[in-house]
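This is the structure, below, for whatever I ask next.
Going in written order, the chains are labelled A, B and C, and every chain counts its residues from 1.
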Amino acid sequence: MMQRFENANWGKTLVAAVPWLWLGLFFILPFLFVLKISLAEPQLAQPPYQDLIREVSDGVVTLVLNFGNYQLLLEDSLYINALLSSIKVAAISTGFAILIGYPMAYGIARAPTHWRLPLLMLIILPFWTSFLIRVYAWIGILKGNGLLNQALMGLGVIDAPLEILYTPTAVYIGIVYSYLPFIVLPLYATLVRLDESLLEAAADLGCPPIRQFLLVTLPLSLPGLIAGAMLVFIPVMGEFVVPDLLGGPDSLMIGKLMWSEFFSNKDWPLASSLAAILLMVLVVPFALLRHMERKHEEMDQ
Amino acid sequence: MKRSPFLISAMILGYAFLYGPIVSLIVYSFNDSRLVTVWSGFSTKWYGELLHNEQILSAAWLSIEIAAVSATIATILGTLTALVLVRFKQSRMRIALDTVVAAPLVMPEVIIGLSLLLLFISIEQLIGWPAGRGQTTITIAHSTFAMAYITVVVRSRLAHMDQSLEEAAMDLGAHPLKVFFLITMPIIAPSLMAGWLLAFTLSMDDLIVASFVSGPGSTTLPMVVYSSVRLGVSPEINALATIMVGIVGLSVVIAGRVLYKQQRSSLAKEI
Amino acid sequence: MNQVVSNLVLDEEPIVKIEGVTKSFGSVYAVDDINLQIYRGEFFSLLGGSGCGKTTLLRMLAGFEAPTQGRIYIDGKDITDVPPYRRPINMMFQSYALFPHMTVEDNIAFGLKQEGMPAEGIKERVDEMLELVQVTQFKQRKPHQLSGGQRQRVALARALAKHPRILLLDEPLGALDKKLREKTQFELVNIQQSLGITFIVVTHDQEEAMTMSNRVALMRDGRIEQIDTPRMIYEFPRSRYAASFFGSINLFSGTVTDQLDDAVNVYSEEAGAALQVTHSHPLAIGTDVTIAVRPEKLRLIPEVIDGPNMLQGVIAEIAYLGDMSTYHIDLPTGKRIQFTQSNSQPLAEQPFDWGQMVTLTWQPHAATVLTE
């Protein structure tokens, strides 16, 4: 039964108010500013955008809302392509992450109990060393005279070095590498709850192992799988570091685009409108993630 | 328990995939040649170069300061949030908070960075604070997204804690604030520690948000690393990586041994 | 409703007064309009199955739930809105709720520290409590280093340390095994009597409630079914529910045929006989009633004699329980009744056998009339 602090009202209010105030000010309010600036006009000044409120005189406030940024986004194929490319990269990376992460999560969940924690720790440990540096490590591995090519040529598998760095393949490798724990952990949490006697019952009723997996394990692990997939898909949509370091100048993703619009072109309004569009696109997968998480909580109780 | 060979080889490959790059970083930090991946002999000179690199050292120090402060703020905020989500009555406010605090976990960092920068500029225009971007703005930004992670960690521990412990304390005369500090906190302390460390790591590691909200004179370690590696491989970075891995590895080993010893000594006292 | 309560003085103000208390969660009424008085020095039990509201009522007394309606008074003071940390009540929790990061000593001292008692006073009181429940040699241990029974005693000591006027106990013996439970029942009563504290216990175990309590409140679906001393509630239950809750009982439905000075005559088709039961209130002829007779109140006689309360039947089952035996007897009407007798005869002279025909009777004042 839930504890109810029914007699300490002012204390309760304070405890709830602090996080709300902080989040309101430093998380929610900024998004409103993004929307505001996305409707501004750029200018060569500090800050590089014009105020929306142009004039206040005689009780009349003149607002200038510039929808030109949104128009540009919808018309110029560069931005639409960037969005589609981001969706594609996010989807494919998520797929690969599941392919690699599911067996790992399953293996850990089925391992003897005293092995599980160390195995999980081994998955989480790389996460504690710098993300940036680990992506950087892949440069050394994937480049023309990098470790992978040296190894393959040394073994005689190939004659000429493979071009992996600065191709989409390198981006996929980098993303899957960085986001693997995000798939493994929620999947593990779901799989470890799986009652083995369900599989035994299926076997008893004549089900071979592969069908046991497809008909029992997989459906029951679906909530954890979807949650993990969203935990990868959503941030990857806006990923910057991996495409920048491993993907080369040709790789097109919204995160990179936003960065260059902001830092190189100094076009803050345009960058803001990109952010706004990205936010709107992400609402759907976010809602899906919340739905899965709530289902998980219900199962917990 | 059936041990399927497919599963075992998949796991071994998976772990090799995870640790391969880290091992390569460490190995080649001892490479004499500047061309990081062409081995030309064992040398520790890059460690020496690293320790004399003023830029990297001052960036590292700044990052540590920011990480420590933001981790502490995030732990306080995250714990308060966890308290609301676990101990307060079911209400629309609670559900709303639950959703809002889940967002930073998945929000692309470019959006967080951009939005916070715009906020800081606008507030500065209004009330003159924060005066320019720098350590303060980065700390605020890191506290904000780190608190979301800490909420998850503390919340789970709080939910599994026996609530009758808090009730017993109240029954014996302690009002809710005292109950929290005397009873709840000692019991959830391990998750507070874990959360603090998590926030510390996230802050030390953050490139994107820091790039957006930093100012002149406030260059963090990831920012320095990023500008070096843009231009290709750099053996000093390998040395830095090895040192970081070493610190993390050592901490885990020490923590493991401390926990093990604790368990052993309390088992000994048991009847 | 004034019953004789053995060693209490009932004309005093009650120490606990619960007035019209209701607790609802949406459309579910966990506690429904309860009115209850508990007297100083009583060992009082709230008894009932799960979901009857007893725990909710206890928690409202402790202050962890607020009543949706009604007021609660302690020693005449309205404490309904007083938070738990300011009530002169302490509670012993079902899960014991010992603070895992503190030693036994510190656990017991906790409440005293909150009061602001000086250090020497605390030490004295803690030592006193350790002695009382006999855990002095464990005082430096932490809860996880104690057995279940030891933890229970520490929980009791901690709850008594502040010498509260009222002690609430939530299923105090639930986690103990049978032998330990019996021993602890007597210890609890002794401690309660020697300290003179009012104990209010929540339990689902009717034997426990009967053994320890001065009075028992039987609860059902958020309401009080009957409050009485253990003897009265057992011998004279006032509803079928109360009758069947405690031990076994024979129930005969019938109709009132006539009204005598201090008894009623009832004809029961189930029993196939005329029954007579002592009853003080008048009942209209033709009223449907149930007659309740405890199995051990039945007497064996060699043959039928004239008069009411004569039943003849065939022994269908014998359950040998060591110290006593229960016999299931089939009446010609098809009804099965229970008869219990202690096995005071040595084995060689076993009195009964299956299929044997027996005659049973009981005294009119050994049964009760139930109207609900």
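In this text, a contact is a pair of C-beta atoms (placed from the backbone, for glycine too) under 8 Å apart; a residue touches a chain by one contact, two chains touch by 3 or more.
Please read all numbers here as calculations on a predicted model, not as lab measurements.
Please indicate which chain is farthest from chain A, where distance is taken between mean Cα coordinates of the chains.
When every chain centre is compared against chain A, the largest gap points to C.
If you tally the C-beta contacts, which comes out ahead, B-C or A-B?
Between the chain pairs B-C and A-B, A-B carries more contacts.
Please find which chain has its CA centre nearest to the centre of all protein CA atoms in view.
Central chain: B.
Find the geometric centre of each of chain A and chain C from their Cα atoms only, then give the gap between the two centres in Å, rounded to an integer.
60
Centroid from C-alpha atoms only, then distance chain B to chain C, rounded to Å. What do you get?
Whole-Å distance between the two chain centres: 56.
Quick one: report the Å distance separating chain A from chain B, using the average Cα coordinate of each chain.
Centre separation, chain A to chain B: 17 Å.
Would you pick out the residues of chain A that each touch at least 2 other chains?
Residues 3-4, 8 of chain A each touch two or more of the other chains.
Could you say which residues in chain B touch two or more other chains, in rising order?
Within chain B, the residues that touch at least two other chains are 167, 175.
Which residues belonging to chain C are in contact with no fewer than two other chains?
Counting only residues that touch two or more other chains, chain C contributes 63-64, 83-84.
Over in the complex, which chain B residues touch chain C? Could you list them?
Touching chain C: residues 162, 164-165, 167-175, 178, 183, 186-187, 266, 269-271 of chain B.
Would you pull the chain C residues touching chain B in the complex into a rising list?
Those in contact with chain B are residues 62-64, 83-86, 89-91, 93-95, 97, 99-101, 110-111, 114-115, 141-142, 144-147, 158-159, 162.
Tell me, which parts of chain B touch chain A in their complex?
1, 6-8, 10-11, 14-15, 17-22, 24-25, 28, 35-38, 77, 80-81, 83-84, 87-90, 93, 97, 99-112, 114-116, 118-119, 121-122, 140-141, 143-144, 147, 163, 166-167, 175-177, 201, 204-205, 207-208, 211-212, 222, 225-226, 229-230, 232-233, 237, 240-241, 244-245, 248-249, 252
Which residues of chain A touch chain B in their complex?
Listed in rising order, the residues of chain A that touch chain B are 1-5, 8, 11-12, 15-16, 18-20, 22-23, 26-31, 33-34, 36-37, 47, 100-101, 103-104, 106-108, 110, 112, 119, 121-123, 125-134, 136-141, 143, 145-147, 150, 177, 180, 230-231, 234-235, 237-241, 244-245, 254-255, 258-259, 262-263, 268, 271-272, 275, 278-279, 282, 286, 289-290, 293.
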